[in-house]
Amino acid sequence: MEKWLTSLKTRTPEEGYELAIKLATKSIELIQPSETIRKKLRPKYSRNPDSLIAASEVIAIHFQTVAAANNYWRSDKKGYY
Amino acid sequence: MEKWLTSLKTRTPEEGYELAIKLATKSIELIQPSETIRKKLRPKYSRNPDSLIAASEVIAIHFQTVAAANNYWRSDKKGYY
Amino acid sequence: MEKWLTSLKTRTPEEGYELAIKLATKSIELIQPSETIRKKLRPKYSRNPDSLIAASEVIAIHFQTVAAANNYWRSDKKGYY
Amino acid sequence: MEKWLTSLKTRTPEEGYELAIKLATKSIELIQPSETIRKKLRPKYSRNPDSLIAASEVIAIHFQTVAAANNYWRSDKKGYY
Amino acid sequence: MEKWLTSLKTRTPEEGYELAIKLATKSIELIQPSETIRKKLRPKYSRNPDSLIAASEVIAIHFQTVAAANNYWRSDKKGYY
Amino acid sequence: MEKWLTSLKTRTPEEGYELAIKLATKSIELIQPSETIRKKLRPKYSRNPDSLIAASEVIAIHFQTVAAANNYWRSDKKGYY
């Protein structure tokens, strides 16, 4: 498998959020490697509000990790308080 | 896509809470980009107590992140203890 | 909307717990602004053990945030160890 | 309401665990104040494995908070490493 | 009840993981003290993938606590970076 | 049982992610030791979007732990800000 995660560092919070989505998506791919099956599941869960909310919780947990890794993108070492 | 998240810093806890809601909402939009479908789902989940509770959990997780990023809006560097 | 959250600081852990409940409740209100609908949902979920447990999980997550914000209500700066 | 939570400090991890259970239980009581109803729900959820697991998750989250508040009951200020 | 939790300290990550399982199991025992009932539930939930995943989430949360308590089993005070 | 977890340290975030998957998988194995039963469950949950999302949440929680243990794989002691 090619490298897909070399660093948790991102330039901006928004890129950090995108990385959180990537981290969430990757585990689905690793548990269900068949792209064919995943494509069949997508329309199902993306129209189910509870599945959408559950997926967004996984993203939220990864975003916590990425935000901490980036020291919350504070502009200086002491933070911005 | 236009920039929607430039900083985790907010002036007050209440604005931090609003940012947490934005962070939670955004993942729903990114997973289900069709506004038409999302609008159909809304009346469904917003009348289902379990969906409401699940959505509020995602907000709670993001609020943890935003609160930490803002050092809990303490008024001085040492905290307010 | 009037201000409802000006600080995460509370005098005691018990007040912190009450703030956690407020933080959990607020997201339900923001997602489902109709008080009429919320009142209809309440008897339903407050008699369903799984809904009660799920709601208490959201409170637990917010309590983590509030407790951290108050440095766990330790009585001195070094903690009480 | 009488005071039920004056400190997050406990002498031992085991007492901290008991406090976590108290914190989890309290939210159920606050959302569903009727003891009659709660007593009816108990046999139901205490025989349902999924409810038991969900309840133990809430306890786990509160235990995180209590453990952090007690600096993990380390015996000295530097920790026990 | 005899003492079952005297410290969060473990010698290795693997022992920490075992402690996390113990912490997760204990709440089930405390909520449902009847061993007879618990034994009846076990075959049910241990063959249900969703129950297994939910149980493993509780273990994951406790493992976070235990790992933090042990400073992640780093070999020196500064960490191993 | 042979040792399966000697350290939380990994060289890269990607290896940390793999360790998180291992940590998540291990609890399933410990709760349900029968490989025969686990193999029967796999096709079921790996085609159910909600099970996949729940499994990825467990991985996300373990990844938080592993990432913190590795100080987020920052290249120097002060972090990379």
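Just so it is clear, A, B, C, D, E and F label the chains in written order, and each chain counts residues from 1 on its own.
The definition used in the following text is that a contact is a pair of C-beta atoms (placed from the backbone, for glycine too) under 8 Å apart; a residue touches a chain by one contact, two chains touch by 3 or more.
None of these values were measured; they are calculated from a predicted model.
Colleague: Within the chain touch network, how many edges lie on the shortest path between chain C and chain D?
Modeller: Between chain C and chain D, the shortest chain-hopping route counts 1.
Colleague: From the C-alpha centres, identify the chain that is farthest from chain F.
Modeller: Greatest centre separation from chain F goes to chain C.
Colleague: Comparing centres built from CA atoms, which chain ends up most distant from chain E?
Modeller: B
Colleague: Roughly how far is chain A from chain D, centre to centre by C-alpha average, rounded to an integer in Å?
Modeller: Inter-chain centre distance comes to 30 Å.
Colleague: Calculate how many whole Å lie between the centre of chain B and the centre of chain F, each centre taken as the average of the chain's C-alpha atoms.
Modeller: Spacing between the chain centres: roughly 26 Å.
Colleague: Counting in whole Å, what is the centre-to-centre distance of chain E and chain F, each centre being its mean C-alpha position?
Modeller: 15
Colleague: What positions in chain C touch 2 or more of the other chains?
Modeller: Within chain C, the residues that touch at least two other chains are 50, 54-55, 57, 61, 64, 68, 74.
Colleague: Please categorise the chain-chain contact pattern as a line, ring, star, complete graph or other.
Modeller: Shape = ring; chains linked end to end, path closes on itself.
Colleague: Name the chains in ring order, counting from chain B in the direction that reaches chain C next.
Modeller: Start: chain B; next: chain C; complete ring order: B, C, D, E, F, A.
Colleague: Please output the residues of chain B touching chain C within their complex, sorted ascending.
Modeller: Residue list for chain B touching chain C: 12-14, 17, 21, 46-47, 49-50, 52-57, 59-61, 63-64, 67-68, 72-74, 78-81.
Colleague: Show me the residue ranges of chain F that touch chain E in the complex, using the header's touch definition.
Modeller: Residues in contact with chain E: 3-9, 23-24, 26-28, 30-32, 37, 41-42, 44-45, 48, 50-51, 54-55, 57-58, 61-62, 64-65, 68-71, 74, 77.
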